[in-house]
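The letters A, B, C and D name the chains in turn, as written, and every chain counts its residues from 1.
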Amino acid sequence: MEGFSDGVFAVAITVLVFNLLPIGENAHTGDSLTRALLGGWPQYASYAISFLTIGIMWVNHHTMAAHLRCVDRWMLLLNLLLLLGVVALPFPTALVASALRDGSAGAAEVATVAYGLTMISISVAFASMWLYLIAKQGDLARAPMPMQGYTRLRFTGGLFGYGLGVLAAAFWTAAAGLIIYALLAVYYVFNNLPTPSPAEEAAGYGR
Amino acid sequence: MEGFSDGVFAVAITVLVFNLLPIGENAHTGDSLTRALLGGWPQYASYAISFLTIGIMWVNHHTMAAHLRCVDRWMLLLNLLLLLGVVALPFPTALVASALRDGSAGAAEVATVAYGLTMISISVAFASMWLYLIAKQGDLARAPMPMQGYTRLRFTGGLFGYGLGVLAAAFWTAAAGLIIYALLAVYYVFNNLPTPSPAEEAAGYGR
Amino acid sequence: MEGFSDGVFAVAITVLVFNLLPIGENAHTGDSLTRALLGGWPQYASYAISFLTIGIMWVNHHTMAAHLRCVDRWMLLLNLLLLLGVVALPFPTALVASALRDGSAGAAEVATVAYGLTMISISVAFASMWLYLIAKQGDLARAPMPMQGYTRLRFTGGLFGYGLGVLAAAFWTAAAGLIIYALLAVYYVFNNLPTPSPAEEAAGYGR
Amino acid sequence: MEGFSDGVFAVAITVLVFNLLPIGENAHTGDSLTRALLGGWPQYASYAISFLTIGIMWVNHHTMAAHLRCVDRWMLLLNLLLLLGVVALPFPTALVASALRDGSAGAAEVATVAYGLTMISISVAFASMWLYLIAKQGDLARAPMPMQGYTRLRFTGGLFGYGLGVLAAAFWTAAAGLIIYALLAVYYVFNNLPTPSPAEEAAGYGR
């Protein structure tokens, strides 16, 4: 499961660059190219946020995989559903970027809602995998799962955060939703799933 | 063989997102973007079906690889032919999605037939690999292959299913063919090739 | 070197599908879609030939890597030059396909020459790696290299074959060149670099 | 960290071929195709320079990883920032190529500056990883880090070189900047980060 998932994460994160490629396509003089490059900030910002978001999900995916002794059919299916959302993320990323640059009359709000709904479906798949792993830890995990209450709280927090972003974009303004998504990405960089302790790792528990 | 095939499956499954990227490209207001996103359901449905289909084929590919002790030249060639079909699958997927959205006068039926023919060629390559492995199990397999009769039945069933889908689309309607393909994808999630038993796995048989 | 090269081969082989995606893009009825699909044979043929060619190069790359104990800086550079050509191959593949379908007045011939020149540069990089490995086998190889005369003959044959294809396309017709390329791909499926023998493999020589 | 980073490098290096694909798209006769292929030299040159640059960064990334015993959260974040720049590199590569071919009045200069700024941000991320690894070598490295003074000098040199290229393009001409970038790529092929010595490698230090 690891090798394939790593590959999917790696390709999905790289597909994000296709959002940048059209910038400056029709700018043939130095001045118009400079303007196009400076005007491409929605592309750069959404590229960076989605890149960090996928990168962090990959780190968390690895952390979860370090707890696994084996996988069953349901775990594989949940993993496919998670990857289905991760691979789709460049799509709402492109929607947000192009709505911020060219859109009017609520296009950015709609795109921001679409981005948040994708993130919510990814979060649900991720939480399902983690909760399923906790429920079946006797069969699937290498050792009793640590810090279960904290983990549940953390997933609930992520779902609540993205839900708040969707509501803020739907009923107020896209900027509020996007700021919430960016804060969630930065927050999760520094706050992570529990990993096997060094002692467990030394005992061959981790990978 | 594993690392390269994993990579090819991972990239092929990620290429499917290029089907989604053009949705909403020319929608610049909130209302038109909402309409475009809601009208993109053929893209979402075909993306999900092809994603699950490739994902399941990857799981089955891994299961088969767990039985292998070594590969010979014919096995490598059959594997390349299998990957040739897998990598091509985003193409009929795009055909089906665009025919459902913009097509008329039988375009969806033609696209559905093309999708089914691609799946049949993939199924033939997969079945050939499995039957070849059974025929040469003394040379190639780690242990006598389990449940050979069941496996043959299963491959025959898959071929029959996709053939039925092609006929339904060619002589009746695209919807019937697509429903058959979706049912096959869901069915194969829960019905799989025989894997090495836990006892065999403990004896170092699996990977 | 293996993991990265495997990844590059896997992505390069998958990029070939972008040659197929535009087929039938503007065909909105069943009849026009059928015509577009049947008229896409240059795309299918060039896709299959390039797919097999990259696939075989990957097998050969693995075979060579199985002989390596370590790599030095020159080996890494030659490997990068080899991959530079492999990654570029979808470009002449697209040229040939579109020239066969839409071109006139020698376009197919020019495209076939470009394809052959790319293959020649790949072959030169591959032969250089192999000859360098033979020359430095004391430092780089796990064991004395087998069948060196045969190997040199084989690389010379490949270069001669692609050179013949280029000349045939330049001075006669594209079809002759393309048939030579296809024959070379099929030939190399069944004729390969010497691999470590089962005895060497049992002694932990192979991977 | 290795598997995912390898995958990202592999995909990023392969995305560069999308710069080549449009060459000759509208050339339907032999003569116009020949002209288009010969006129595509900015594409080929920028493809080759970026390919070598990403390839060398991958080699250096592996060298650094060979020193690592484990990673902490900051190391993962710095690695993500490095990959963020690597994945973006096909974008300024495309800018330079299209400005050289179609641009006028300073477009090439602006594109060359954009390329250099991307390389500077990648270099800063790389130097930060290396300096952080040296600073925390007690926690993160397998053994005391070798040749620290030399390494610091080398990173400073790279930053200085790309900075010089940016200034040359901004205040003089694009050609000067591009030649500096090409020289840096070639230079780094033959001058590399310190690797574990054969003795250390034999002791299981390297990978």
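FYI, a residue touches a chain if its C-beta (ideal position, glycine included) is under 8 Å from a C-beta of that chain, and two chains touch if they have at least 3 such contacts.
The shown structure was predicted, so the numbers you read here are calculated from the model rather than taken from an experiment.
Counting the residue numbers used at the interface between subunit A and subunit B, under half appear in both copies, so the two copies meet with largely different residues. Between subunit B and subunit C the CA-based rotation angle works out to 90°, given as a multiple of 5.
One simple way to say how far apart two chains are is to compare their mean CA positions; for subunit A and subunit B this gives 26 Å.
Chain geometry summary: the mean Cα position of subunit A and that of subunit C are 36 Å apart.
The set of subunit B residues touching two or more other chains comprises 3, 6-7, 10-11.
Subunit B contributes residues 3-4, 6-8, 10-12, 15, 18, 70, 73, 76-77, 80, 83-84, 87-88, 90-91, 94-95, 98-99, 102-107, 109-111, 114 to its touches with subunit C in the complex. Considering their complex, residues 2-3, 6-7, 9-11, 13-14, 16-17, 20-21, 23-25, 27-34, 37, 47-48, 51-52, 55-56, 58-59, 62, 189-190, 192, 201 of subunit B touch subunit A.
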